[in-house]
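Below are structures written as structure tokens.
Common to both upcoming complexes is subunit A, partnered first by subunit B, then by subunit C.
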Partner chain A sequence: MDLNKRLKVINIGLEGFIGAFRDTGTEYLNLNWRPPLVSPDLLKKIDLLRASEKVAKANNEAFKRLNDSEPVLIDVVQAKEAVEGMKDKTIFHAGPPVRWEDMCGPVKGAVMGACIYEGWARDLGEAESLCSSGKISFSPCHHHRAVGPMAGILSPSMYVWAVENRTYGNRAYCSLNEGLGKVLRFGANGADVISRLKWMENVLGPSLKKAVAASENGINISSITAQALQMGDECHNRNVAATGLLLKTLTQLLLKVIDDTELILELVRFIDSNPHFYLNLSMAACKSVTDAVFGLKHSTIVSAMARNGTEIGIRVAGCMDKWFTSPAGIPEGLFFPGFSQEDANPDLGDSTVSEVAGIGGFAMASAPAIVKFVGGSPRDAVECTLQMGQICHGKNTRYQIPQLNFAGTPTGIDITKVIETGITPFINTGIAHRKPGIGQVGAGILRAPMDCFIEALKYIKI
Partner chain B sequence: MDLNKRLKVINIGLEGFIGAFRDTGTEYLNLNWRPPLVSPDLLKKIDLLRASEKVAKANNEAFKRLNDSEPVLIDVVQAKEAVEGMKDKTIFHAGPPVRWEDMCGPVKGAVMGACIYEGWARDLGEAESLCSSGKISFSPCHHHRAVGPMAGILSPSMYVWAVENRTYGNRAYCSLNEGLGKVLRFGANGADVISRLKWMENVLGPSLKKAVAASENGINISSITAQALQMGDECHNRNVAATGLLLKTLTQLLLKVIDDTELILELVRFIDSNPHFYLNLSMAACKSVTDAVFGLKHSTIVSAMARNGTEIGIRVAGCMDKWFTSPAGIPEGLFFPGFSQEDANPDLGDSTVSEVAGIGGFAMASAPAIVKFVGGSPRDAVECTLQMGQICHGKNTRYQIPQLNFAGTPTGIDITKVIETGITPFINTGIAHRKPGIGQVGAGILRAPMDCFIEALKYIKI
Partner chain C sequence: MQISADLEKAEGMLSASLMMGTPANKDILRHSGLLTEKGETAAENDLIIALEADSEKALDGVLNTIDSRFEPSLRDEGNAGFYPASIDSALGALDANFALISVPGEYAARETAIALDRGLNVMIFSDNVSIDDEVNLKNRARLKDLLLMGPDCGTAIINGVPLGFANRVQRGDIGLVAASGSGLQEVTVNICKQGCGITHAIGTGGRDISKQVGAATLMKGIDILDEDGNTKVMVILSKPPHPEVLKKILKRLENVSKPVVACFLGSREKKKMKGVVFTDTLEEAAVAASCLSRGEKIVLPEFTVNGIEDLILRTKEKTEKSGKYIRGLYAGGTLCDEAIDILRKYGIMAYSNAGSEEKYKLSDPDKSREHSLIDMGDDTYTRGKPHPMIDLTARNKRIALEAKQDQVGAILFDIVLGYGANADPAQAMRGTLESIKGEKIMIASVCGTNRDIQDYSKQVKTLEDCGVIVLPTNAQAARFAARIIK
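On to the complex of A and B.
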């Protein structure tokens, strides 16, 4: 210790080394340097993209759309009634496309659970046979204007939040959040999981549908998110304030349309027991926002980032529906009692739609208390937001961070900035057990890998 | 501007000058120096107090009590049924004792309103005659285990929050919050104000009483405050998260005991329309906490700080029930449209019980967004908490500030530290119009004056 205190260190590159100096009180200076990651050809391509007026114009337009989109909750409805392509024996999942045989444990667990929930199989054995038989049609949520957290499983009977982007007219969908621990989205599929899904289909969904129908003009989700960012949430892994704000609004609507205090109490208790209840609604809102830049020609702004537990994939506005994928990383974080890093499944879920829309990991500075859930220090949370500022096109004018003197959240990930700085997006995430049937084991942080950004840069046309 | 940018300034003493440098981007260094405030005799007294084991022990005990008190909401009840000394023709008010003829405009306005509300007078003329006649018995809330925000008027028929300090067994009371703008506590007294008070007596109070009675073991208020401090509140002038947390709990209890969705909706809407609804409950909780150090022999820790709009008074634990008073200052802050600094009444209310208990202005760093309501910058908010750390005995172990790496809020104002450092407590406050009958005109910040601390130091026995 004494030796350390007399040391003065200059750390070049990898930030991972800083922790030890900080913990022991050693003076250090961190030089933000990295070895060049890309070939001179690609650096030249970045220069050409930067010089292009078409690209500049497209990126300004992409930022404008991400920034001025106004997502509004307009309905709660069964997936088969609203989500394009959702038919019998169809299951949507998180992330880029993946075949049944390549799915990770928790996604397989959730898919099998959905087969039982839908009545397509009586038990896990039947469900596995059915899935292997090729009779189930699998497709990414993202291909159907939908998103799903973790395994992201959506099947025909599930209710979804329907969010409309009031500025650009498009709609997006996400399932309702089941709660914490042993839940389908983390790969659990026991009888309690299925019966909760049935209750959500028969009681929660129809009640919320009535409530939202009773709102005068829908429920403005960007307004709730903006308030929550001033109340210590970052609206990906900390949603406690946003859930409270949503619950307050829903409760008043439920009291208007349902004349049964017992039922309302049951609904309020379910929502109140889960501080992440808002997440899925926020994700639908973010999807409606990010879809507004989908296919925007010449733009180097990321329009989607999602993980299926096997691969992570990104889409870039100027590259239409093309996915650029890399193997999914493994999040590091804090684990529930009885679990550890070796139980962690690789990174999973569409919830990174939050970061693509400029919240979540990009708004970490708003949520210093989150470090008790995902690890790190409040200072790391501020540094995270500042660093994301280096890879984004601009600062959001609606989502402000009081701690940073009301600066807007970094919004619009530009692949050229990612590659030039060597800084990839931070992701806040839940952690699923790598085996099917178990559920959530923790929460943590990781960074998206660089490869998929480089592939996108190679692909994009000038 | 150019000139300013080339300047490098050392500011000695008065912080008020810093703003100009900061705003123009001028480099400055602030030297925290003040001219000696007190005579050598008093500095010597501070040394003697510091050397005394009795004083050290008493102050440690005072901090322990402030820190480990656990306030729990146990009832909502009419003042005349619970508050000691509350009889017919009795009115309690905020701050130290004050005679009718010395009361400021908004306190007179509120007193006259209470006379009409209680049916003791038919109009303001009758109310004024009655108050001048000496037939009304006036007394500070603080003398009856009660507190009240702003004018702090409590009359027999009003319902109060009844909070029990579970650790030390004492109870404390505070009226229910009426809402914003034209309300009795800010000196308004029109027909709408009186009819709202009647509704609170006939509908809100009895309903909340039923709700609290249905809770298993009361509602833990320190738990709500601790959560709210992690959600951007400081629980004096920003109570939006705390009000949401309280409402969530109350709604579930109301749904249990009242089988009338229309009535529950009316109650929920009333509470939800006022982001300060939690304030009065928090004040009752803080009073139950600070009363635990009342009269603690030899302690130099402040046990009460309150303003009646004419004077500010403090009580020190080791000085029993003695008030040390100075003329009340005038808060500076942000004003509602149509009002300005010259409309501001001098500082008013018992709400400084928050700061005495270690929240409010002392927890400003928790609530950077508050500066949009009271003025200043988020950096000022952090500096405020750090400065209050210099005059307090310790750091609260329950109330933590994520932004400061989960440091506890400064708790236990020690008059010897106030005098030695020249730093007096920060106060967050609402601002009343100086004339009766008008109401709230803004919100702001000020510091307690030094005189009352010096008087207390002179008085205290070693």
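On to the complex of A and C.
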């Protein structure tokens, strides 16, 4: 062997040693090393998983599926007609399974609102006793190829986006976004909330259905997301550009299928007034992408990450439908006037399906505007994406970030990397009031807790 | 516009305008009397900076401001840092070929295994790595044809890059392999003082020469230097290896194609072998290697200082009035060993917490007796505390304590410079040394070069100002102590 090549050094440990590298013009990188979070046994397990060809093959396949998936909007349809298991007196919610007694304030608020909206109860009192009676069947959206933002409440009459993964053939669903502030998904359930839901059921849903039906081959969602990432969105907490792009396409289709210009104007105004209108569609798309890795044997890639306001849960591709849960964290962020950190409900919603698919917090570098919103700087946004790159299997070839020289977004969270580096996924989120009936009080950022990843590692057999 | 507005606020500034050189803009400037002849020649894509000030001085100040405004202002906010948390992450950003590992010992083996697996040469600075791990890792390195230095390898210089505690020495044609940290530093520094230079200084970690490890790294180092076209002379440096291991090393040395200098410090048996020069001290190893490098006959002088006999005589007179014992306080473990060996040659047996002779082992290293040389970098002193090369507080206290003893005649110590060491060690000792000045003879050597960040000459000067007699090498310092006490 020959030592006469120029040294390029990774320094692991004492930072003081880099002085010599600086003085001699030696290329180096200083590792941000921290003692491992887990016992030597579990570290050994990580090493064995890394060395396993089966695992490597499965993870390569998982990344390929996440990367190659092409979600296309094919329909807008009532939940009871399309979503598997959506029967009468059935309510789906965000996150891992949770019983009525254990639901947090905003989820309870949204559930009661849905009971009134469906006509199962006349008021909140009736709704509450109905839910306590055990006559409502609760189930996580994730168990039914669906997702929902925040409380993630889905009831039979609600319209959903139906997205097909063109590459792998599976479909996924998500409700339509109601707008900002006092809305069902943040736990609000007043008369205005219910009447808006009714309008969405009677006017918005059917109109969108017609519009999508008029499209030639559906609407390609991955291409809208890819464009939006280059326009300042990360497609989780910022959907301004994507909503605009979607609206461009929808407007043409609406003009094609509806003669009543007043109605079109009403629809366009509704969509235009809500910069997060695209979010739910993007989530359905992400769900169709991440479901493509569900149950992929031996893979250590995360297939789902979701919160119900009580717990956060992750699923790992190779561990089938098993949820690994930890108590949900409380997001820190900015609050609307009159509200503070004390009002914040623990982390909530299925919208982290975005990060699992490689956008959202993982594409933060694309959206410096929202880092500012939560008190950071554009530099923090880039660092966030670089950091997420350390826990992902690869870089997306479809979703690229101009600020990072068009590098792909980090895609495919590998639990072994999360545990080895001590870096947990960034989560961008809205903040709901902890009491039912109030709604959104702010927005913020938090990190997923490490415990659920460690639980998953313990569960995996090697 | 923003820049113009800011500039006009500057003292002595009458008007300022920054405009592209379009005809319309030039008109505006012309009308305000701000367009000079040079300004007239500006094209549409040129930026015209037009300034009117009440003095040349005011203009100069403003020109500097303008320069700074055209620097990329995003330097702080725009350049996001990448903080890799794993070797794999780091490899995504740098096609590294080397890893320097200094994490706590219990974690070092895993990082090393990963680094080797990714094809990196490794130096493990960390100690507290189990010997089983060391054997396994060195096996892995051998199979992958990689160099693994350490664990507990404090210093190395590979292809001109100092690693860990290392000095800045010049490049040359002498290559070294050493199972001793401060020993390697002393030899490289002395080679440098001889006007020669080094190719690579490979460290092995002290346990490499044990029976279990079987000199895995030392043998690899010999192979590397033997094949290395830039290396003309090879130096092997260690404490006496396990007899079986020594046999293996000597067998390999028989087949080395270039001149070898071997120093098994503390070994009593005389060895002879064609093509190998065996030396007793670090200093001799450096001198012999330098002579071989220059193609000269090997000459090993006792001292290299002019007028040394005079100085010895004068100093001896002073010690006759004070005590008769030497107390040595060392930061470099191998330097302490070398000094013990040298004193022995002068018939002075020193007690120590280091050294190979059981008979002269101090039962309590905190309590010196008769002649005592203490390795203050030993585990007993560094567990949970900084090494005396970094923090001199503990050694200063000990020196002050020894100096109070009536029977003590001379205080002997070393100072080790280089990366990782204290930024100004002589200065850190000044208070202590000045309090002893005139009471006891103080003798020292400084292991370092003028290119070291601490600057050899500056350190020597500080010591001499404090009344310390500074000898060019650790060996000469010990000899000097022996001569004045004897």
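Keep this in mind: the second predicted complex is superposed on the first by the 428 of 462 C-alpha atoms of A that agree within 3 Å, B and C clash if a C-alpha of one lies under 4 Å from a C-alpha of the other, contacts with A are read in each partner's own complex, and residues count from 1 in each chain.
In this text, a contact is a pair of C-beta atoms (placed from the backbone, for glycine too) under 8 Å apart; a residue touches a chain by one contact, two chains touch by 3 or more.
These numbers were taken from a predicted model, which means no experiment stands behind them.
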**Asked** Can A:Asn217 be said to touch subunit B (first), subunit C (second), both, or neither?
**Response** neither
**Message:** Between subunit B and subunit C, whom does A:Ser133 touch in the aligned arrangement: first, second, both, or neither?
**Reply:** neither
**Asked** After superposition on the shared chain, which partner residues are touched by A:Ser377: those of subunit B (first), subunit C (second), both, or neither?
**Response** both
**Prompt:** Regarding the shared-chain residue A:Asp272, is it in contact with subunit B (first), subunit C (second), both, or neither?
**Reply:** first
**Request:** State whether A:Gly422 touches subunit B only (first), subunit C only (second), both chains, or neither.
**Result:** second
**Request:** Identify the overlap between the subunit B-contacting and the subunit C-contacting residues of subunit A.
**Result:** 377-379
**Complete:** In the complex, subunit A touches subunit C at residues 1-14, 16-17, 19-21, 23-24, 26-29, 31-36, 43, 47, 365, 377-383, 386-387, 389-390, 417, 420-423
**Asked** Considering the complex alone, what residue numbers of subunit C touch subunit A?
**Response** 76-104, 107, 110-111, 113-115, 120-121, 125-126, 145-147, 158-164, 166, 168, 200, 224, 227-228, 230, 419-420, 453
**Request:** Flag every residue of subunit B that touches subunit A in the complex, lowest number first.
**Result:** 230-232, 240-241, 244-245, 247-248, 251-252, 255-256, 258-262, 264-265, 268-269, 272, 368-369, 371, 377-379, 402-406
